[in-house]
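Listed after this line are the structures, all set down as structure tokens.
You will see subunit A twice below: alongside subunit B first, and alongside subunit C after that.
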Partner chain A sequence: MSNAFSVTQQRKQTPLWLWPLLWGALLLIGVVGIPSADSLFRWIEPDARQVIYDRADFHVLLARHMSVVAIAAIVTVVVGVLAGIAVTRRWGSDFLPLVAQLASLGQTFPPVAVLALAVPVLGFGTVPIIVALMLYGLLPIVRNTLAGLHGVDSDIKMAAHAMGMTPTQILRQVELPLAAPVILAGVRTSVTINIATAALGATVGASNLGDPIIAGIVNGNMAYVVQGALIIALLALTIDSLFELLHHHLRSRFSSSSAS
Partner chain B sequence: MIELAHVSKRFGDETAVDDISLHVPKGKFCALVGTSGCGKSTTLRMINRLIEHNEGDIILDGQAIEAYDPVKLRRRIGYVIQHTGLFPHWNVARNIGLVPRLLKWSVADTQARVAELMNLLGLPVSEFAHKYPHQLSGGQAQRVGVARALAADPDILLMDEPFGALDPITREKLQDELAKLQARLHKTVVFVTHDMDEALKLADHLVVMREGRIVQQGTPLALLQQPNDPFVDSLLGGLERGLKQAALTRVKDHMTSMGPTLPAQSRIPAGFSVRQALSMMLRDHSDRLTVVDQHDVPVGELTLRRIIKEAQLDKGSTPRE
Partner chain C sequence: MPLLDALPTPRLRWEGRHPNVVLISLSLIMLVALWTFDAVSMAPNRIVSGTGYGALEAFGWPGALLATLLLCAIGLFAWEPSRRHYRALLAAIMMLMVLMPFGLLASHHLLLDPELPNARLGIGAAYWVTLFILLLCLVEVRLRLNLTRLWPTLLLSGVALIWWLCAALGLDNLALVQEFRARDRQFLSAVAQHVKLVSITVSVSIVLGLTLAMLMRRYARLQKGAFAVLNFLQTIPSLALFGLLLAPLAWLAANVPVLGQLGVSGIGTTPALIALIAYSLLPIVRNTYTALEQVSPETLEAAKGMGMRAGQRFWQVRLPLALPVLLEGVRITTVQAIGLTAVAALIGAGGLGTFIFQGLGQAAMDMVLLGALPILVLALVVDAGLGALAEALRPGGTQ
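Here is the complex of A and B:
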């Protein structure tokens, strides 16, 4: 999880917006092209009856996968950032250790265990995987929100206070903008991990890009596994490069570190 | 006008400020001097209610500060701190315009005021308005800090070691500019510093603090002439005190009309300090200087005897506190 705070070096020769375009294009090619790449995957599984996963269209699986991750991300961002803000206010500081521990606890639970526990309560389908992703993705967001808000120079907060800004004004105009790059890094970590973790949903009947992987494992067909993994990896790279772009945009507005 | 009467502040068992009384008349410059941890910054922050005092009264313009809404109170008091506390994600113009925007001034009024202040503080608008704090030197950043504090034209200005982090040359330059600014704007200033020379140079009223108490207060000259405590004496430079006092008096206040003898070779402008006159006497091996006006025309003379005699008179006439 060390990448949450790392500042990625800007590559001088390639503009940053090129990467999401590149990975996005490859993702599109993968989704559209896999069904007709029979000969390519035949090379992986020469003896299988069928080498292209065809129980669902890849674009449908991709859309379901993305919506599961997106719903979990929206909920975790809202809950995580609000919790982080609440416990860094004077009235909420008593809950700081509790919230920090709860968030860590969420990540120590393996998502598979969360699924196993959630299915009896929530039934099969998409809901248990969203719950698992939320628990799993909460820690990076809470932790980075706390780090970002704590990282705002106390002189700056004091000056804001002394100039006659209200606590709400200080939060919205000073603390959150200054903490935004760090919070964003947490969201990025959370979402990238969850894109991979969401594949587990296939084990509890949530149809997504994990389906080809699970089907491949069950039937001993490596070609299916490769197809699912490839699309998931390309999706993760696309989303991650988009975050990189956003991160750079935020940093470059006021920090000298991005200029170097 | 700021009035503190028997004000105390405790943090837990520790008494940070202990029964201090202080009066700063409107338009006067008051410096709080002392070593670190003497309670001078705490005293300053009690005035704009960043810290609430436990005992005593703090009166601002005839009204106890508890009667003001803290947020509104702070918007009418300028505040400058050592490390500027500028918002790194805002450019210079936006930083300076903070309080006018909080007070809901119109955009045009705010812009005009920001431009006026930038010119006043020697920051050309075209060059600096769109720079970010990390692009400024320490001196420029503190000018922006002062401009931000003055933006809504507050009557009261609180400054907490504003020049403490600057190099000596920049510090002296900003001190000179602040003195000029104050001569023009006549704000009621409370200025915290540990640098006695800075305080002597700028203040109308000097307050020496130690361990939360006021050890002595008065005009810089009164303290130099009669420190009532070895601590104050050492802060004022001990043996150097005589020279510091001479630095605060002008040649024109000590000169006499031209004597019957030939004018002395060495010439000194009337506006210079007596300290500079003494230095010139030492340099030129002379106990007599010709005082000239700004057009280099002799207007009087200054003798060593006279300087020493006047210093004696000053000392004799100072009332004991």
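Here is the complex of A and C:
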């Protein structure tokens, strides 16, 4: 009762769908507006010969950045969730301790080191950064999938079994929906970290939003760094607020269906 | 007899004795890796990329046979697991790890052309894959034998010592050793700088983080704002934050002479430390806050009932109970700082990242390895050490 009340009150204050729209609009303004905001960036770097990064268009860099993160995210979500499901089934339970241990250990590998080790094997370019992002992003997802599936009350599973559901039905209609918010939180962590980490790809020749930052550091031009950082931060905030919306949607749908 | 057949007995027969599928599949992967990937590569000099050699050419048939037999032994022991067999497995894994540098010595002997003194022996994919999977096997055996973290750490340090001796005494032409020899002084100072940056970051952010968490508990309004700011900081890429600090600090150093004399400048250690501390605050504050809040009110009530004063309750009840979670925050922060410090090399803060970025710039992969491997080892060692500490400090855990 009190829960429903607080939700409605929160909706009245700020509708959740407004945030992604707001951040997305700012991102769009940033991408379109930066090339013509010469005077603004001139204020940051009064002495520089050039203050707008122009070796590539910002929308191209943004598209590359997003596609790298998206490819890594799709692969990690599929692999991570499947692995999490596999080791919590009876036939895969032998692997559970090892995978759980790995999921906690994997956070230890610094992304720079993973990236540096991927380059000798895969060469320069976009592939090593995708691999590094996949390795780094996999573990939050596996960890949260395990936590989510473990968090499902065994009484509920027992009840579903007693109702005559097959193990596949229990997984799809009981366990996964109940674990979905936790899994989604893992995906959110993974994607948000990866948006920031993907900028490191610029150091191994993958062209993305890290490019202006690296160029700015190398040439001592703060304006470039600000442009790259601004767009990456706006991208991260847009995606994060989208996840927040999705999370709320999942929550409210679940609670309304249980209430009815 | 028919009645017995109807009973579900097979389950009982396999109880506790069913094969350890994990170790068997890991040993199969290692066998495949050993026989398909290159064990070593050989390049005539630093610039030319090397040619790969398989296990048979690299170790000769006795070495390849020994490795194969040991890997098969892992699979066989895992087929019928018992405590004794797990100990044997541990011995086999350790043996393989100890033998690894001797394999390199063998290929050093077999493949090296005496006419090419500058030839470089590279470590191939088979080596890396086997090493990684052996570590996984070690984790699995540790879990099955219920060992504490201390034992594998001790065993691995022994193995590392043997590797170090082999590299120092016999493996003159190993590419990593050559890279190290070419800049050993630089390497040691880079390690020292890396450790220095990380320890300053962690100690400052522990003090700041604890203070902030305490303040948050006192002033509830601060909590939301502070978490929002810290969360926002994490979304800025580390690369950008390092870059963004260059300009204001350079301006400060130029215009406020006192700061300039103190060593503040746009490039180098100061901006790196500021950015590192900014990133480290979130995990510390979050963990400290939840650790202090999660102490059960009943326990505190009991302490109050025993007549403890507020200060006593905090120092003798709340803090000790919160310590494991708090240490978890320190562990996450330290490991994260070790990785981020590598990025700080881009703004001239030094540390092991210097080798990574120089190596990437020169396309010298062995130099990249020289920077990346110690970072990885450092992160793993710190992780294991602080994890063991948290395990030991858990109230009522080990007494």
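Just a few scattered comments:
FYI, the second predicted complex is superposed on the first by the 242 of 260 C-alpha atoms of A that agree within 3 Å, B and C clash if a C-alpha of one lies under 4 Å from a C-alpha of the other, contacts with A are read in each partner's own complex, and residues count from 1 in each chain.
One rule holds in what follows: contacts are C-beta pairs under 8 Å (C-beta built on N, C-alpha and C of every residue); 3 or more make two chains touch, one makes a residue touch a chain.
Remember, predicted model here, so these are calculated numbers, not experimental data.
Three-chain overlay on subunit A, with subunit B and subunit C fitting side by side and no clash.
Within the superposed three-chain model, A:A199 lies in touch with subunit C and out of touch with subunit B [touch as defined at top]. When the two complexes are overlaid on their common chain A, residue A:L105 makes contact with subunit C while staying clear of subunit B. Of the two partner chains placed by the overlay, neither subunit B nor subunit C lies in contact with A:P15.
In the superposed pair of complexes, A:L178 makes contact with subunit B only, with no contact to subunit C. Of the two partner chains placed around the shared chain by superposition, subunit B is the only one that A:M163 touches, whereas subunit C remains out of contact. In the superposition on chain A, the chain among subunit B and subunit C reaching more residues of subunit A is C. Once the two complexes are laid over each other on the shared chain, residue contacts for A:G33 go to neither subunit B nor subunit C.
In the composite built from the two structures, the nearest CA pair linking subunit B and subunit C is 6 Å apart. Subunit C meets subunit A in the complex at residues 20-22, 125, 136, 139-140, 143, 232, 234-244, 246-247, 332, 335-336, 338-340, 342-343, 346-347, 353, 356-357, 359-360, 363, 365, 368-369, 371-373, 375-376, 379-380, 383. Across the interface of their complex, subunit C is touched by residues 44-45, 94-95, 97-98, 101-102, 105, 107-113, 116-117, 119-121, 124, 192, 195-197, 199-200, 202-204, 210, 213-214, 216-217, 220, 222, 225-226, 228-229, 232-233, 236-237, 240 of subunit A.
Remark: subunit A residues 153, 155-156, 158-166, 169, 173-174, 177-178, 253-256 touch subunit B in the complex. Every residue of subunit B that touches subunit A in the complex is listed here, in rising order: 48, 50, 71-76, 79, 81, 83-90, 98-99, 102, 132, 134-135, 148.
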